[in-house]
Amino acid sequence: MIGPMGQPCVHTIRVRYAECDRQDVVFNPHYLAYFDMSMTELFRAALGGYDVMTEAGADIVLAHTELTFRGSARFDDELELSVGVLRMGESSLLCEHQVRRREELLTSGTTRHVFVDTDTMNKRAIPGWVREALEGFVVDTG
Amino acid sequence: MIGPMGQPCVHTIRVRYAECDRQDVVFNPHYLAYFDMSMTELFRAALGGYDVMTEAGADIVLAHTELTFRGSARFDDELELSVGVLRMGESSLLCEHQVRRREELLTSGTTRHVFVDTDTMNKRAIPGWVREALEGFVVDTG
Amino acid sequence: MIGPMGQPCVHTIRVRYAECDRQDVVFNPHYLAYFDMSMTELFRAALGGYDVMTEAGADIVLAHTELTFRGSARFDDELELSVGVLRMGESSLLCEHQVRRREELLTSGTTRHVFVDTDTMNKRAIPGWVREALEGFVVDTG
Amino acid sequence: MIGPMGQPCVHTIRVRYAECDRQDVVFNPHYLAYFDMSMTELFRAALGGYDVMTEAGADIVLAHTELTFRGSARFDDELELSVGVLRMGESSLLCEHQVRRREELLTSGTTRHVFVDTDTMNKRAIPGWVREALEGFVVDTG
């Protein structure tokens, strides 16, 4: 039996002057910071806040990421940042990210985070309550 | 006949306070900026400077990148940034990047840039003289 | 006769992970970027957008700034950014900035920008229509 | 009796692509990050490293800064960053900063840091050994 699919977590930002380079477009490392902001909003939507998790002793570190650039965002553009959960392993969280300007997909990518213990920074299992809360954001990869 | 292999372009930097986050390690988007700095040094080593190329009407834009994080750099660490050319297509440049602290490999990844015309920003072939200059930095992928 | 005073331009942001340092607070250079974002919002409120001005051939460059730090903003804090016009000279624009977390004033400061011609980057007079539009944001310095 | 004057602490950096904005010059908040880098080099020169101080329980926080912009640094420029101590109070450290491209002074400014206890983050006196070490960098304010 397949349960109902979840929905990605979406929020919008506006491109800052500080993020634009001399080609007059968002400098590419900022997209990785955008992905990080999407993760923050994902944990806000799922748990009430990223710090709910860290205060409970669990944090995440980025293990791998992959980005494809299709178009360029410009100063003051409104961008829609979207993140959905592709897969949860014992301790890893694979997510899919998209950055859109209206209908146009500018950048897409994935992040694989690993859950760690906040004290030791050693790998640990995803807490059950975090896993459950993230289920609502699992997206169809079909 | 296969010519002698090239060598990666290597330079060192020191981690800045501005790059460290509240986990007390370099925030991951900065590694993508490190890769960009390696590209600048690659073009300096190959051509005498990145601007030599842009003034001749050719620029590069990032099309794809992939990063694997193995260890964490900390404030004031000396890091060795290395970039080698993996493959040159008609208009694309695939490079391999490594970030090391002494012997320890902290982050590795690839970048695929596409050459564009500085006026139109349309895709264009890699200029012959740029291609030749980059040959010396083609690394063995074996 | 003294006309009715204007109101500062206020907008809110949320502190990003990328802006926090290993002291677990917003790294101070980001406040200068916050001031810049306030200027963008000021021109949006006054003119409909910063680019309305640059497309008409006028831009601004920062000549002087001064910041006083009273408290520390932390990750995910909601901050209120406020900017008001203190004085307009022939070509210069002096503004007052405040960064607050709810009632608490965290950082205050001033910026003095100079209007320049977008083509020559030479100093130029504030366009009349820009000056008029900014009048509504002149704040009482008493 | 007045002892021999000290010398500013000077180091050089190269402007990064990430630091340049669509006006094709270094975006102004980065100068405040440059001042911070000068402080790191000052403590390295005086104490052997910034962390020597924090590991001994003392840290600094920025209380006030002031910057004057005279010229613009561009991508790949080599800049000379200079910092000298203007005055040490009971717990405060006032420094003078300069950013030069060869002979040209691009940006100057001051920073006033306050010493704090690393555990409580409360204000504390400058440790005697830090004060002594900084004496060598006190510059003439003529």
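Labels for the chains are A, B, C and D, by order of writing; each one numbers its residues from 1.
In this text, a residue touches a chain if its C-beta (ideal position, glycine included) is under 8 Å from a C-beta of that chain, and two chains touch if they have at least 3 such contacts.
Computed from a predicted model, the values in this text were never measured in an experiment.
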Fitting subunit C to subunit D on CA atoms, where both chains share a sequence, rotation angle to nearest 5 degrees: 180
Of all other chains, the one whose Cα centre sits farthest from subunit B: C
Interface sides of subunit A and subunit D: same vs different residues, half threshold: same
Centroid distance [mean C-alpha coordinates] between subunit D and subunit C, Å: 25
Chain centre separation (subunit A, subunit D; CA means) in Å: 36
Mean-CA-position distance for subunit C and subunit A (Å): 31
Per-residue multi-chain contacts in subunit A, two or more chains: 17-18, 27, 29, 33, 36, 75
Residue ranges of subunit B in contact with subunit D within the complex: 16-18, 33, 36-37, 40, 49-51, 75-76
Of subunit B, residues touching subunit A in the complex: 23, 27-33, 36, 59, 61-69, 72
Subunit A contact footprint on subunit D (complex, rising order): 17-18, 20-22, 24, 27, 29, 75
